[in-house]
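By written order: A, B, C and D. Residues from 1 in each chain.
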Amino acid sequence: MTFFDFLSIVVGVLLLVIAFLAINSKKLINSVLFLSALSMLAVVAFVLMKAPDVAITEAVIGSGLVTSLFVFTLLSVREEKLK
Amino acid sequence: MRKLFGLAITFALGLVIILALNNTVNFPAFGEVNLSERISGAYLSEDNVEEVGSANLVTSIVIGFRTFDTLGEVTVLFISSLGVAFILGRKKQKRMNLNFKPNFMLRVGSNILLAIILVTSFYIILHGHLSPGGGFPGGAMIASSVLLLYLADDRFRSNIKGFKLLEGFAGSLFVIIGLLGLVFATAFFANYLPTGTIGNFLSAGIIPIIYVLIGLKVGSEIAGIIDNFLTEEERA
Amino acid sequence: MIQYASIFLFVLGLYGLFINKNVIKLIVSLNVMEIGLFIFIISIGYVGDNAIAPIISNTQDLGLIYVDPLPQALVLTAIVIGVGTTALALAIAKSIYNTYQTFDLDEMEESA
Amino acid sequence: MTILSYIFLIIGALFFLLGGLGVFRMPDTFNRIQAGTKATTLGAFSIIVGVLFGSVENHLDWIPKLIIIIVFIVISNPVGSSTIAKATYRSKNIPDNLIQDDLKERGEKQ
């Protein structure tokens, strides 16, 4: 078993566990944060498979922009509930 | 109970997909691909690489061989940002109150970080034909610097009209450069500038110019989406 | 190995689309499906452990073994489009909330 | 030069280990911020210095990029940790055994 196989097994199992948590968690904000962690793990998978361009793009977009869009949606809703 | 049943069914579906992929002749196993049988083998041949002149082969496919495809994808992004503006845009707008007063450290620190992020994003855009990166991640980094300004300053409003103007300018210049290919060469988006030697900063013909335009277009579109999400209707 | 994980990631996103009744959770499930699909398409182009990333420094390097650059080029643009579609879906979710005051599909049906 | 770079890399890895251990072991949020940012700032700093010493011989063009990364980490880590600390204070999740509360004396509301 090579080092690549070992790393890919670890990354694959973590991907599945975090995806299950993201889909099944009760609070919406936890689900969004698990989605962010999932895209960071996807960056590791892209680097493992020698795709640096895709890894940079996913790191910028998946961790920052998509998460911020989800959080802004949840924030606007919570403010309206307070009023 | 219903959840367990659904999990079992989807697990079975995954097994069926894996078995179906393993038994076909046309789908080689993971890591045992012969590139010369694929269409990518032609992209990796010496004549084609010389013709485009980009050191990053992914860039030479995105902007060199498949530019028309990229034009369509940029159009899809434009339409989705238009849809967001159509759904969320109101007449009387005010900025969403994030209920946060920035202190001195956050204000000064975010200004210095903004400069570093902008310099890095332009570096990534300009070196798209030499190193990993290019217009798409660089444009997303420009948009994330706008996001940083929104988060660090509670009064900041971006100039949304300026972004719209920049986006239209970059998009139309992108198409005009493509149309000039019909004049100076034979085809739409033909590479009519000298390509230079592979690996130099000034090489690859029209690829760096198009990538800068794509970066500006993507950045201004995503910044417009962020601005639409952070505004809400003004209550009287 | 990582190819099987990506297929199960896709299927897990499908499971999330089946069981969830919350609009935000549905969009999260769509994003999980999207990530699984990206990893699968990248894994199609992986050539072997001795291959290197498709960046050359001069034309003599073309004799080396590279991974397939075509799936990477397709995924690169698809990720950026994913942001646009996610933003559009979230905007629709926001306007759904403004109409029904809830994200839950069942409560929406009761109030209608 | 190579031995110097290895020494710095080992120091950096050690501080990363201590930072990760601190996040697990510390009792409340403020202490965890302390462990998670201060130790890892020094860790990242020494790892990059180690790479810098290692790249003097072969990769001279890496040096300006590494210096920019150092500046980025040195600015972004304290700003982020102070913002997290402020958010923790406002979320009323502060420990009971707080001896001095400067923000309350300055009239900030929780």
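Please note the rule applied: contacts are C-beta pairs under 8 Å (C-beta built on N, C-alpha and C of every residue); 3 or more make two chains touch, one makes a residue touch a chain.
Computed from a prediction, not measured in an experiment: that's the story for all the values here.
> Which neighbours does subunit C have in common with subunit D?
Under the touch definition, subunit C and subunit D have B as mutual neighbours.
> With contacts defined as at the top, give the pair, B-D or B-C, that has more of them.
Counting C-beta pairs in contact, B-C comes out ahead.
> Averaging over Cα atoms per chain, report the distance between subunit B and subunit D in Å.
Result: the chain centres lie 31 Å from each other.
> Taking each chain's centre as the mean of its CA atoms, how far is subunit B from subunit C in angstrom?
Computed from C-alpha means, the inter-chain centre distance equals 15 Å.
> For subunit A and subunit B, let me know how many angstrom lie between their CA-based centres, rounded off.
Centres of subunit A and subunit B (C-alpha means) sit 19 Å apart.
> Which whole number of Å gives the spacing of the CA centres of subunit A and subunit D?
So the centroids are 23 Å from each other.
> Among the residues of subunit A, pick out those that touch two or more other chains and give their numbers.
Touching at least two other chains: 52-53, 57, 61, 65, 69, 73, 76.
> Which subunit B residues touch at least two other chains?
Only 3, 56, 58, 132, 134, 136, 140, 222, 225, 229 qualify.
> Using the touch rule from the top of the page, what residues of subunit C touch 2 or more other chains?
1-2, 4, 8, 12, 15, 19, 43, 45-46, 49, 53-55, 72, 76, 79-80, 83, 87, 90, 94 - these are the residues of subunit C that touch more than one other chain.
> Please give all chain pairs that are in touch with each other.
The list of touching pairs comes to A-B, A-C, B-C, B-D.
> Per the contact definition, I'd like the list of subunit B residues that touch subunit C in the complex.
Spelled out, the residues of subunit B in touch with subunit C are 2-3, 6-7, 10-11, 13-14, 17-18, 21, 30-33, 35, 38-40, 43-46, 49-50, 55-58, 60-62, 66, 69-70, 73, 76-77, 79-81, 83-84, 87-88, 131-132, 134, 136, 139-140, 197-199, 218, 221-222, 225, 228-229.
> Along subunit C, where are the residues that touch subunit A in the complex?
1-2, 4-6, 8-9, 12-13, 15-16, 19-20, 22, 24-25, 27-29, 31-32, 35-36, 38-39, 42-43, 45-46, 49, 51-55, 67, 72, 75-76, 79-80, 82-83, 86-87, 90, 93-94, 97, 103
> State the interface residues of subunit A toward subunit C in the complex, per the touch definition above.
2, 4-5, 8-9, 11-13, 15-16, 19-20, 22-23, 28, 31-32, 35, 38-39, 42, 45-46, 48-54, 57-58, 61-62, 65-66, 69-70, 73-74, 76-77, 80
> Taking the complex as given, what residues does subunit C use to touch subunit B?
1-4, 7-8, 10-12, 14-15, 18-19, 43-49, 53-59, 62, 66, 68-70, 72-73, 76-81, 83-85, 87-88, 90-92, 94-95
> Under the definition above, what is the set of subunit B residues touching subunit A in their complex?
3, 56, 58-59, 96-98, 124, 132-134, 136-137, 140-141, 143-144, 147, 222, 225-226, 229-230, 232
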